[in-house]
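For clarity, chains are labelled A, B, C, D, E and F in written order, and residue numbers in each chain start from 1.
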Amino acid sequence: MREFQVKEGRIFHSASHEEIVKGATADIYFVRTRELLSYAGKENTPVVAEFFCSRAGVLAGVEEAFNLLKDKDISLWAIPEGEDVAEKEVVMRISGPYDEFGMYETALLGMLASASGWATAARACRDVAGDKPVFAFGARHVHPAVAPVMERAAVVGGAQSCSCILGAKLLGKEPTGTVPHAAVLIVGDTVETALLYDRTMPPDSPRIILVDTFKDEAEETLRVAAALGERLLAVRLDTPGERGGVTPGLVAEVRARLDQAGYNFVQIFVSGGINLERIPQLIEAGADAFGVGSYIAGARAIDMTMDIKEIDGAPLAKRGRIPGLTQNTRLISYL
Amino acid sequence: MREFQVKEGRIFHSASHEEIVKGATADIYFVRTRELLSYAGKENTPVVAEFFCSRAGVLAGVEEAFNLLKDKDISLWAIPEGEDVAEKEVVMRISGPYDEFGMYETALLGMLASASGWATAARACRDVAGDKPVFAFGARHVHPAVAPVMERAAVVGGAQSCSCILGAKLLGKEPTGTVPHAAVLIVGDTVETALLYDRTMPPDSPRIILVDTFKDEAEETLRVAAALGERLLAVRLDTPGERGGVTPGLVAEVRARLDQAGYNFVQIFVSGGINLERIPQLIEAGADAFGVGSYIAGARAIDMTMDIKEIDGAPLAKRGRIPGLTQNTRLISYL
Amino acid sequence: MREFQVKEGRIFHSASHEEIVKGATADIYFVRTRELLSYAGKENTPVVAEFFCSRAGVLAGVEEAFNLLKDKDISLWAIPEGEDVAEKEVVMRISGPYDEFGMYETALLGMLASASGWATAARACRDVAGDKPVFAFGARHVHPAVAPVMERAAVVGGAQSCSCILGAKLLGKEPTGTVPHAAVLIVGDTVETALLYDRTMPPDSPRIILVDTFKDEAEETLRVAAALGERLLAVRLDTPGERGGVTPGLVAEVRARLDQAGYNFVQIFVSGGINLERIPQLIEAGADAFGVGSYIAGARAIDMTMDIKEIDGAPLAKRGRIPGLTQNTRLISYL
Amino acid sequence: MREFQVKEGRIFHSASHEEIVKGATADIYFVRTRELLSYAGKENTPVVAEFFCSRAGVLAGVEEAFNLLKDKDISLWAIPEGEDVAEKEVVMRISGPYDEFGMYETALLGMLASASGWATAARACRDVAGDKPVFAFGARHVHPAVAPVMERAAVVGGAQSCSCILGAKLLGKEPTGTVPHAAVLIVGDTVETALLYDRTMPPDSPRIILVDTFKDEAEETLRVAAALGERLLAVRLDTPGERGGVTPGLVAEVRARLDQAGYNFVQIFVSGGINLERIPQLIEAGADAFGVGSYIAGARAIDMTMDIKEIDGAPLAKRGRIPGLTQNTRLISYL
Amino acid sequence: MREFQVKEGRIFHSASHEEIVKGATADIYFVRTRELLSYAGKENTPVVAEFFCSRAGVLAGVEEAFNLLKDKDISLWAIPEGEDVAEKEVVMRISGPYDEFGMYETALLGMLASASGWATAARACRDVAGDKPVFAFGARHVHPAVAPVMERAAVVGGAQSCSCILGAKLLGKEPTGTVPHAAVLIVGDTVETALLYDRTMPPDSPRIILVDTFKDEAEETLRVAAALGERLLAVRLDTPGERGGVTPGLVAEVRARLDQAGYNFVQIFVSGGINLERIPQLIEAGADAFGVGSYIAGARAIDMTMDIKEIDGAPLAKRGRIPGLTQNTRLISYL
Amino acid sequence: MREFQVKEGRIFHSASHEEIVKGATADIYFVRTRELLSYAGKENTPVVAEFFCSRAGVLAGVEEAFNLLKDKDISLWAIPEGEDVAEKEVVMRISGPYDEFGMYETALLGMLASASGWATAARACRDVAGDKPVFAFGARHVHPAVAPVMERAAVVGGAQSCSCILGAKLLGKEPTGTVPHAAVLIVGDTVETALLYDRTMPPDSPRIILVDTFKDEAEETLRVAAALGERLLAVRLDTPGERGGVTPGLVAEVRARLDQAGYNFVQIFVSGGINLERIPQLIEAGADAFGVGSYIAGARAIDMTMDIKEIDGAPLAKRGRIPGLTQNTRLISYL
């Protein structure tokens, strides 16, 4: 790593898969540790390391950790992805020669931390949404390199699907979405856009039409419903904050106007600043589905810590930590 | 993108550079937009789009945006990286046929949003730290794919360097670090570890030794200072929360005991839960440098929005936004 | 008063002018006091009474007090209407035989209290609105019997005019208003309503058109401006809370769209939940005038207290009050 | 209305009954609406309008609304006075040609709003007072024109009676009161005043004597009890704030001293700043009845809104409201 | 008392027992009262006085009050020490000639007030500590003259014992303690101090060793346990705030390290800023006993009031109080 | 100390002066330390100890510390009594053989801590009272043994005098006071009590008469002023909380009524729950002097800590403290 060089013409600052495997994203001190331990002939000291989480939440990221280590000469135990974990619970344990995995401490912690933070936020949304589906719509709030990590974690946590193509495909799902305001603006009219959308989409793809671009949402909703008829699955309300956002009153009114006009089969999909407080209010008003962006994408990571707990078979730990293995029957053998 | 498949044997969930370029991290609706506009023969409609930030901060991520678009048939203006931007300020503008860049809306927003969030937090640390250097130590709190993006952004914002190897190299800097607790635990003694470190590092690499692993920090500090003498640049205090963390009282005492023993040249490097409240208190007590982790790594993104403001040369915008170009003389022509 | 009877067929519960003069709105104990004092031969004892206010504000209601007492054998001093008064300041003084005015204690206190509360709230609006006019629009929040009292007091406090016909006429002003949503709904279209309004109003009456009834406000604004052209003085934004109310973003956008279409002479008149926090934000966004309803109409009265301070020329007061006249050079002789 | 003129020599600013009926208290725009609709030949368009309340409370003012409209060619439904209504509940509905009632929108809203606010506050007092009677004593805090409206509404809400003569008579009740401090001051002694009161009142009128004018309340209570003996129903404590107000300790002490002197039949009537927090504390200390002033008189109106919901038999409403009739089985047919 | 003089060479400002008995600590006005009443021949007027407490708590100090008055010609009733008393409850009653006890009003109030405050705080600690013992360690926070009063009151309230020698002996208990940091510092090593302590203490005196003076607490704990073996009852953690104080994490780690090394019989005694919030957290972490200092020693007194309630057999009291005896069956006859 | 026994017939729990000197109030561990060090032959090790305060305030108690140690073979430096000290400032330093003073650590800390807490509170009162005198009236809130310590400390801090006889005499002052409610109750009338007081006091003793016992304070004030005339220095208002306490309104009214009756030379002395918020309000209303009780008496001690900083001439300290002497030029040599 000492001689690692950044190539000319590199487009992105994010690390490629190869760079992560080679250790280019490690903290420099793990490289130094390897040199120091090799000099002392201790690089292969058998150790047991435990990973614990700083707060309660939903665990995610274990699959990547397993993939990274699966060819190493170690044993690995972990709590499966998607399970609830308690504050300070040990969520993963690795046993083996230090040099087999020591350099990946930074990477492993990062994978678990950020994925678990996102999964936890998605679970919270699902819990307040009950049987109404939640979709992860937050790719625009994170770097594209981790957008699929984030959206996959959201689905692990409880989202029904997500808008990021790669995020959905990682779990074998189809991505979900409508059309952006940009398309409506370029076409110049919501109804015309809806008709074009209807014509160009595969027959089995759901018709969900954005109705807040040009005109009053209630007015536009009825125009779109008239144009698409029974092929219309839902209208999407994404009213910007400058216009008061999507209020429960707007949802209730759109619902009532749709029903009065005979379109009670048309659903209402809402997005824009959706969070735990607003979901129940919007359900109460008649919302059928939620696109959640920054609430999930901006969730804080659940910071993780790796502690060495045994060296050469003997309990040992740094000051502040309890030496020896922590009993946790929820840890499953992965490797 | 419709037929995009995830390959067998993939290790990481993060997107490769090629996947981002191909659009695999885009929200699915941008793919649909392309199809819809092509069907209508409008995919090359000339548009002007503006990007504005949701809150004030330090702008970062422009370099990646430029790299992504530099071979496209568009014009690009932006505020340079590292500059302060105001709430709702227009930070980037793109002019050109929609199809040249429309599919990258998600990626561009994400690059700017997360990098700017990190740069802003680092700037805040630097501002309260005055002339004491701040180092980004938070790679372990984010996915390894974006660890270099985060640490580079922190340096753009004001950190002196960072611990992530690739993060530092992206800016032509050397990464900074000490040794982790793991190394001290495996070697079995702090002083012995310090001597090994001293022996295995290049002569010009600074000697900063972690002193809280086994014994009382003040006691260990004096042992390490005696062992390394004038070659010791600094001791690093990283006391865990279970032991009260790094308090101003601890820093003041270590400083005093070093001075009384004649080691007034040895600096004190602190880390562990460092934030804006604690930096001034620790400087007051005698700290010389700061390793900042989750305060920077866990900073919220500065969410960005892209608005189409002109179509075919005419001002136009969705409801809630003001049609036409926003005057901002700080936008520099990049492309 | 003992035998006072409510007449058959009475429409309103409010007191007629004659009932107030006869004492029918007095607290019963003032009637009893008169009987008791007459029995003791003390009903004409010379007294001096002072009125003080419970908190600082703008004094109003003095004109009614003067009208009520102007034919009585008393002297009356007061601070003029519209002046600021301090907490606990003596605002009115009456000297004369008790029976000449004692029975009106309830009425006098009520006139001063409620009018001063309303004037104070209107003054606060004007103070934050600077040179932008404020109109009292709150008649619907109070009983019609006092609607003119309230709106007159608002003008005394600083409103430019008001919507209540009688309220404005009491001060020799013309009432101000637009058309209600009811008219637009019955006519069926905003532009058609605007044209009817333009045709039926006197030429010198300002054309201010409500634009939020049927369609998006920005869309409707441009339609109305096109229809009335230079005869249009202002559009009125009164968006209901269910649609997010009148936000600064909406005002700014309507302003920008008007300007882009060449209607920079058209003003923006806002109403609906206007208060001291919102006025400066809306001015910043481009609002030109304010219709204020419940903030003024719902203002708490400035409760007043009448204390007897001299009897038969000697200082005297109840426990808790200081006997004798309070010096206040701001009291002007009215009677 | 255009030519409405204020007469010379008018005493009060409040509207006379005739002025309200003529529309002089209407907002000016209702006059304009009539002109505009007449011009378009739409003044007699059949409409249905609904009135809803902005917050939960006790409904009052319906009788006045009915009186105002009872000779019009309309149908009217409402929830009866004194019933609890929920936030946003439809409390009144009018069906008929718009011109029959449109001009009264301001007046109708005002009647319901202010009376309901007062009734709600009185209900809250009664609810915390349990079986101890509450009397409305707040006429001095409102304009005399609405003093009877307020005090009647308080009785509708739950007060046992009130001090305003006309307010009580509107409901066929006798007004309640004692003597004011003014009478005691002019007579010069509390006991002497009590004896005069006893002599001049009808035998069946209750003897309640104010005891805080000149001397310590406990001392004066015993003097008055000795003077009136079994004819004394209650003493009234109205201690001013400058002397600490009426505290629970004072009530308990007066109760104890009365009992020790054998006057356990004498009740304690308290007044002065009585509110929901103080009533239970004072009951606990021994208070028997409450005179409530500004808590009721200063209660905010329950703002009402009138929405047109049907035009020519078809559901219709402005943006933000749901077209068509709202189902509410609590609406009773009045007309 | 008029001629009372302070003697030359006096060491302390605190009152000697004789000075208290003579009245030198009384408020001067009680001396004046005696002179005044003697002049009027009323010094032996029979009175009944009651003492009530300003807030709820645990009563203490009664024994001293009894001792002070036991030779006087009075009757005395009180609630026994250690019982809970309610806010404003009468806790003591004295009947007799005023001069027998009037001059002691100040002293009696002070004894009850401060002792009850301390007992109440100790009771609160015991209540949250459950079956873990609490020891009063706060002598250093009060004047030495009252240190035994305070520590005795703490034991009355619920502490198992205390560190103040005289405080413990007053209740026939043995004082509890370890050795101070001073001893360890002078000896120069914790283990050496522990061995000296073990050698010099009587065999039945418990061995509790302070382990935070020189080295890391966990390290020192194991050294001390190795040195004293089964003779070691407990280690005491008293980590200063500059080092983060005694955290639950430290307690848990020391417990775990002791258990892993086979010393599960060694208890953990904690001290330093212990309060009601921290006791349960530290018990959860494994603490076995608590030394509580400033939480008990700094507790506010429960201010007491003495009221004369009968004079010459007749109920009488000052304004604000209820004349005559207060019924309280919890008052026991002491004298 | 081991064999220390509590004597039969002891009246008080407070320590006598001899007991303090003998060490009976020490924490037991100082006795053990002496035994342990003697066994090790280290009892006379030369040490330097420093005392620092936990928070800023006014230092008091130094005189007692000096008195206790003045015959010992040590050197003593301290900041003089009455001076402001900063948080954590070293306020006293002792140098000498440990055994000369080690056992007094508890006593010395307690003397400084409690006296400084009281002096600090008194200083705060004086600071807000400006040139109006403050008197310490809180003896009844503390144990009589420390009442003189407390009241002396209050005078050191800024009180003009105090009511505790011994407290005042310790500083060569005359105690200050009036007569208690008890005297007025036994005599049966305030004016009669005032006359007896006037007759029995020495001519130069100020006449301050309590006026709230039986009647309204304003009424009683005028009766007392009429009775004593120019011999009356002040009336004292001490109205109990049950009657609303001493309000600014009461003070202003008494002042006005005194002035109107020609008694402008009579001052107003207030007491009862006086604190930092109330003093300025009461001065504004006309109060001339303050009797402060629980605000001073209930002030928290300023906890002190003693640290050994040198042993045998070498800097040394426990973990968490800085070895060696702390520079402080404000320390004066006392011994």
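Simple rule for what comes next: a residue touches a chain if its C-beta (ideal position, glycine included) is under 8 Å from a C-beta of that chain, and two chains touch if they have at least 3 such contacts.
None of the values given here were measured: they were computed from a predicted structure.
Chains that count as touching both chain B and chain C, per the definition above, are A, F. The chain with its CA mean position farthest from that of chain F is A. On residue numbers, the E-F interface is repeated by A-B, which shares over half of its contact pairs, out of the options B-C, C-F or A-B. Once the centre of each chain is set as its mean CA position, chain B and chain D turn out to be 64 Å apart. Inter-chain centre distance (chain A to chain E, centres taken as mean C-alpha positions): 58 Å. Of all residues in chain E, those that touch two or more other chains are 214-216, 239-243, 249-250, 252-253, 319-321. Contacts between chains, counted with the stated touch criterion, involve the pairs A-B, A-C, A-D, A-E, B-C, B-E, B-F, C-D, C-F, D-E, D-F, E-F. Put simply, chain A touches chain E in their complex at residues 315, 319-324.
Those residues of chain C that touch chain A in the complex are listed here as 214-216, 219, 239-245, 247-250, 252-253. Those residues of chain D whose C-beta lies close enough to touch chain E in the complex are 216, 218, 249-250, 252-253, 256-257, 260. Touching chain E in their complex are the following residues of chain F: 1, 4-6, 10-17, 19-21, 23-33, 35-37, 39-40, 42, 45, 47, 49, 63-64, 67-68, 98, 102, 105-107, 109-111, 113-115, 137, 139-149, 152, 163-170, 175-188, 193, 196-197, 199-201, 212-215, 239-243, 294, 297-298, 300-301, 303-304, 306, 308, 311, 316-321.
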